[in-house]
Structure formats: C-alpha cells, structure tokens
C-alpha cells in the first residue's frame, strides 16, 4: 500500500495560504489549539490522511461507528483582511521516526501544491513546574520572521528548547524550509503533567494577533476549569496519602 | 521479496460474499470462532498468505513436517438462502504496525476482487473479570447496519471499546470502508485471562442468527470445559499457596 | 542500497546440489557444524552476502584488517558418489523479522539458480539441562523424507520443537518449499547454556551418514574439551559462592 | 520521500581525495576531532545530508532559528603537498541498523563520484578506566596500509576492538572497501565516561602526521580543561556522598 494516502473530500482553491499544525504532544497544547481554532472560525474539513505509519487501529465513536486513525485537513477562505488558512490536526503522530518523516514530507508536498507560503506549528514547551500565566516560546526557520512575532508577544530564548523540536512540529518546519516555505513554531509554556487548555489559549492569542483574527476562548476556559478540578482533587488525595498511609517506620526517608 | 504473497490453491467463483475474519487476539475469541465455523460448515481452504511481516518461523506438525507461518483463506458456497462466505484465520497477526496495515490492505484488495460486499471481524472484548454469560459488543462502519445487528443480539455501547479496535479486526473495517465495503466487528465479552471458547460461541450465535445458518457448538463446549478444569485447578493452587506458603510475617500486607 | 548484495568470487557450475546451512543460534550448533564441515571437506568459498539487515558493523581480524559483517557461501564438487554441496554460514542472523525473510528469500533464489534440489538446515534444540549424548531431532518439509533420515539416526518427535523453528533454519525450509525445493532441519540436543561442539558432532554424524561422506571430529572434540574445562571451572566457583559468600541470615531461602 | 537527500551548496572539483569522517560516538572523539580539523584548517561547507533515518527533529540555534538534523560535508583543496580533503560530521548517527547502512552507502557513493581514494574514520576506543596519555588504535581494510600508519604512531592490537567497529566508522570502511576504496579507522583511547578532547587530539596528531599538515590544539586543550573541572567536581561530590550520606547500617556492603 502507499505509505501515506491523502483522500480529498473537496479541493478548495486557495492562495497565499498559512498552514497551521496542531497534533498531539506535550500537554496536548497543539491539538487543543488547532481544534479550538477549527471550531471557532468554522473551518471546513476537506481531506483525510491515512498511513501505515499511524497506529493500526480504528477508533469507535459515540454512535458505535468506527474511523480509521487519521489526520484531518481543514481550510478557511480568508475574510476581511485575514489570509486563507489550512489546518492540520489528528489522532496520533507517526509511530516511528521514518514514519514521522514520511507523513510530514507528504503534508509539505500537499501544502506546497495548495499554495502554502507560511507554516505555523503549535505545541507545548514543558517546564516541569506549574505555570500560572503561560508564555509563548518561538522558533523560526529564518531570522527575519522574529521581529513581527515578538510584537505579537512571542519570546525567543537563545537555543531553547535545548532538546530541539521533535515530531511534526519540528519536521514541518525543517522539511518545509527545504521546499522554500518559511515557518514558525509557537510553543505554549506548560507543566507537562496535564493537558493544558490555558497554554493552548496563550498560543492562539499570539497566533490570532499575528494573523489578524478574533477568537472567543470561553470553551477552552471551561475545559481548563475541568482540568483544574481534577488536578486539585488529585493533589488532595496525594496530601492525604502522605499523611495517613505512609508506614510509620519509613517516614524518615522522605 | 514481495511484502505479502497470496498463493491460490483454487480460484472459487463467488458473488455477494461475506468475509469473516478471526485471527489471534484477546481470549483468542476470534480465532476459536473462525476455526469452529470452518470446521462445522465444512469450508474449503483455497489460499495461503505468507508475509515478511509475520514471524520468521516455521511451525512443526504432529507428523514432523513444517509449515511457514501463514494466514489461511477458506470459502463456502451459499446454500439454501445463506450467502457465499470467505473465512480468514491464521497463526499470528502482523508483527509491526506497518506489517498489519500491509497484510490487511492486501486482504481487502483480494476480498474486493472476489466479490466481498460485507466484512465481519471477530474478536474478544476484555473486561478483566470473570464472565458467566458473555454478551457480544458491536462496532460498525455505518450507522444503518446497527438495527439488524441489534435484532440478532449485538449490543452497542457508546464509544466502546474506548481504546478502539486494534489489529486486523480494526484495519479490515477501516481499510475496507475506504474501498467502499461496509463492515462489522463482533466482540465477545471475555475476562482476558484465558482462551475463551464460550465467548467464541456467543459471537458465533449472533453471527449465525444474522447470516441465517445453524451451528453445533458441542466441540466448542468441550474445549470450554477443558479450560474450566485448568482454571479451577490453578485457582485451587493459588488458594493453597495463600494459606500455606506465605511467610507468616508478611501476611498482613495482603 | 539493495536489501541483499551477493558478491561472487567464482561461479561454480554444479548439479543436483545439497545446500547446507549453519548460522549462529542455540548452542551455536549450526555454525560450529557448518564451519567444521567446510574445513574438513575443504570447501571453496565462492560468494559473500552483505545486507542492511545484518548488524552495521565491521569485525577486526588478527592482522588488524576489517571485514563487513556477512554470510559466506562455499561449494564442494561431489567426489566418488557424494553429491555437489553448497554451504552457508556467517557472523550473524538478520536483525529483524523482515530482514530474516529477505536474507532467506535471496538465499533460496540463488540456491535455485545454482541447482539446489535439497536443503539441510542445522541447529540446536535447547533442552535446558546438561546433555551427555546428544540426539538429533528432525523436521522435514515432506513426510516421505522421514524414513531415510530415521535410518541415518534422526529422531522425529510429534510437534517438536513446540515453539517451531525460528530464523534461517526455519525460513530456508519454508521459503524453499514454496519454490519446490524439499528440506530437512537437523537439530542437535543441547543444554542451551554453552556453545556445544558435541551437539554439532552429533548433527554432522547424521548428515555424513545420510549424504555418504566421512569426517574426522578431532578438532571439534578439542573444542568440546575446552568448553568442558570452562564449565567445570564455573561450576566450582558457583559451589564455592554458595557455601562461602551467602549471608547467613538469607540461607534458609535457598 | 528519498531515503537520503544530499543537498549541494557548491560542487567543488577535487582529485585523489581523502575522506575524513567524525560523527558522534564513544567519548565523542570522532566528532570533536572532525570539528576541530574543519575549524583549524578552514574547510568549506559544500553539502548537507538529510535523511528519514536521522531523528525526526529540528535543533534550535542561539538566534532562535531551526535546522533539520543533518550531516554536513566540508572540503579543503590541498595546499603545498597535502592532499584534497573531504570531511563528514553531523548531529547524530542513523537511528536504525538499516538507516546506518543507507546513510553510509550514499556517503560512499558520493565520495566515489568526488574522487575519494582513501577513507579515514575517526572514533573513540573505550577502555573503561581513566586514560592519561591516550594511544591511537588502528584498523585497516588492507594489510599494506599498516606500516606507514605505525610510523605515524598508530598501534595495531590483534583482533581489537574485539566487538568490531560499529556505526559509520565501521560501515564507511566496509562499504568503501566493496567499492574499491581503501580505508583506515583511527580510534583514540578514552575512558568512555566523558567527552574526551584529549583523545581527539591524539587522533588528530596521528592523522596530521600521516597526511602532512600542522594543527594548533589550543582550543581542544581548553575544552579538555573544562571537562577536567567538571569531572573533578563530580568526583569530589561522589567522595563526600560516600562519606556523609551513606546510611551507617548499609556501609559494610561497599
């Protein structure tokens, strides 16, 4: 079978397009942001990407119907001064390094054919501590992109993330750059412990400012409050465990 | 070498065919069901599937002869109102995700060429507790298949299995659907601890009712009683171990 | 690069050839047997097999020169009533299941081109206890090979080895059989703890009787005695450890 | 996508070229040596190698720009009696055995096209103890290379390294040799615990003597002193830990 299969539902004609990627990753920040964007700005789904590099699995929906694991592509024609946009999200990243390359390569090829001239990849930047007001870290394929991004609130830290950017958020920039398409990675600060809708909001605030559209964040804030509740309940349990259930004679180890 | 090699022993001409898959998996439910069906309805073996994605291994038979690890394909011409059927079973599932995709892709391709218009995949649904009377959970590629299946006794639980359906039972539905062939997964409830002939029977009872044929289950019941004996013996041993062999001073941990 | 590269040093013309395989495996029985055979019967090396499925490694010889990891092919023209023979041995088996299939597939293809009409694969049969007089277990691709092998001393145990035959010794039979070449696997009983030259001798005694040639085993016996020395020294050390170094208060656990 | 992508920035015309490889490995000796050589002798970067066998990752530079993980190729036209040289270094080795073969195969192919007639691969030889004055161990594809290398200070130890040479340093010799290009591996002794600039210097001293150029080592020495500082600080901490923090009642185990 073909390594990567792109099935078109519709073939929109677009120009000077911005591609925005948000796949699962640290704090699920990118995927949360992409899904919120698709919903709020009423993007239209136009293609599905299937691949033997994705898990060999179907997912079962609320109505009992199955869907092969996939990536979904959405578009939105630019209105009143905003650019045409493509949006990529999905269930999983590629399972193997080679698979991640193949998937990103095919995505870049399709993006180029559809007129993409700028790529935004969205993700989380794990800081291993709780974050009250998440900042947004940036990385770019070309230095001249930095000034306008900084004006939109993006922070650039020399050499950060020190481990690089792994997966689709890195590869779409790297492979896009080889094809002459400039790109930006926006990483919302996040603890890395939980899915983080507030970090997704921070990323979208920067992106919307840069691209010139408005978003309502109330549904993301609702998700954030659900997470808050869960995490505070877990924290309580941990505190209780520490006090009550630890055997007496082991306590001095703590 | 070719990724997947299909060797035909015979080329049956069939129409409006139902493909039934039962490969190894949770509780071995699918494979038990498929083998029982092949034996009771006297299916004819007509093809073998070899692949570098299966284990690099030959199995040794009772007579000392070896067989390369493979999948087997059987057929049965419909008689008195039942449809033509193909049956797929085998020694192993593909070893890697990519291999599972390739194997299912080639199976779907062959199925389409042979006139398959409906796919049933059979498997187990692990519930991590002992099950007296296993129910049969369903998942479908299209909502309009549900009513007639529910009439045959299939239960649909919203979003279940929550982990999706992994391996050939999922991929044949997903890839079949891409080729325009609708499909159903029937999952017999099973503990997941043992091979489970009673769960296989439950699945076959639903399938036979839906497709309109009769089956004798005495050989499956015999297998089930052998398993009962083994599990009750294990249980006794565990009980004894708990009572006799546990060191005194560790007992309060239980 | 090509998956498998066969480099010919010489192109011998042979007929009605027996291929004998002995690659690393349980007790290294197959490789020891193949190397002993090549040396005693003065086989001529005529080809090397390189592959990206073998370890990415060169081995360093006594003179400081390196050799890419490989398989070696030898031949011997039949003399006075014995058949023409090919012999396959090498440093490693393929690293992945797919790699093992590709390597065996190319070997069978080459064997067929060179006139091979019978395949012998040699290996060890691990019994997880020390073996004084190793028997030789057989498995065949066709029942009619059994009688003459039993006359040469081969034992057939119903369904053994129960785990099948894994790696080249299995695949050459399985894939050879698909190409119409019958085959035999000879497995020398071995503990599985050490390399086992005596098991290799047992395998060769059966093979030489079947194929009608004579072998001197003194160099294999010398290797066996070296192993005996090492194992008895290890055993002594273990006994001492048990007596001296075990902490007093843990001894009753033994 | 292509397995390996070589992007040329410039196409230098060279003759009778020496290829020198220094990729990450034991003690990072090869990479340190290659980078020092490129800097001191002012090599010119002329090509980049991208591959799906490298990590799916971009690295972030000090200025916030990203680079796809890659290998870099440099050249230097021979001056006053020294030969033309190519130099290969990079961020990572191939992630899988197959990937390592593919990368080395493409490198050898390009090397041959560019007129390479001798390959040097540089690496570390881990001895699992601290080394004051690292020697340089050699391995060659052909015995007649040894004498002149011994005159330059290379030591040949029969059959060493006993585990062979793994990765690009081995494969470039092995695959180069298949293409008729002789090669040498120079391995600097190193503990294997830390990156080791002094071992890199030892390797370069031998190489420069053999190829007839001069190098300044002050920047490597500076790096070595930084490592010295770190390791002595770690050592102090370990000593303190041993004395202070070890629980009294466990000490006799040491």
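Each chain carries a letter (A, B, C and D) given by its place in the written order, and its residues are counted from 1.
As a convention for this text, contacts are C-beta pairs under 8 Å (C-beta built on N, C-alpha and C of every residue); 3 or more make two chains touch, one makes a residue touch a chain.
Please read these numbers as outputs of a predicted model, since none were measured by experiment.
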- Compute the centre of every chain as the mean of its C-alpha atoms, then state which one is farthest from the centre of subunit A. C
- Same or different residue numbers at the subunit C/subunit D copy interface, by half rule: different
- Query: What is the distance in Å between the mean C-alpha positions of subunit B and subunit D?
  - Reply: 52
- Query: What is the distance in Å between the mean C-alpha positions of subunit A and subunit B?
  - Reply: 37
- Which subunit C residues touch at least two other chains? none
- What are the touching chain pairs in this one? A-B, A-D, B-C, C-D
- Which positions of subunit B touch subunit C when the two form their complex? 1, 5, 7, 50, 52-69, 95, 99
- Message: Using the touch definition from the top, list the residues of subunit C that touch subunit B in their complex.
- Response: 94, 97-98, 100-102, 104-105, 138-143, 146, 156-162, 164-167, 170-171, 173-175, 177-178, 185
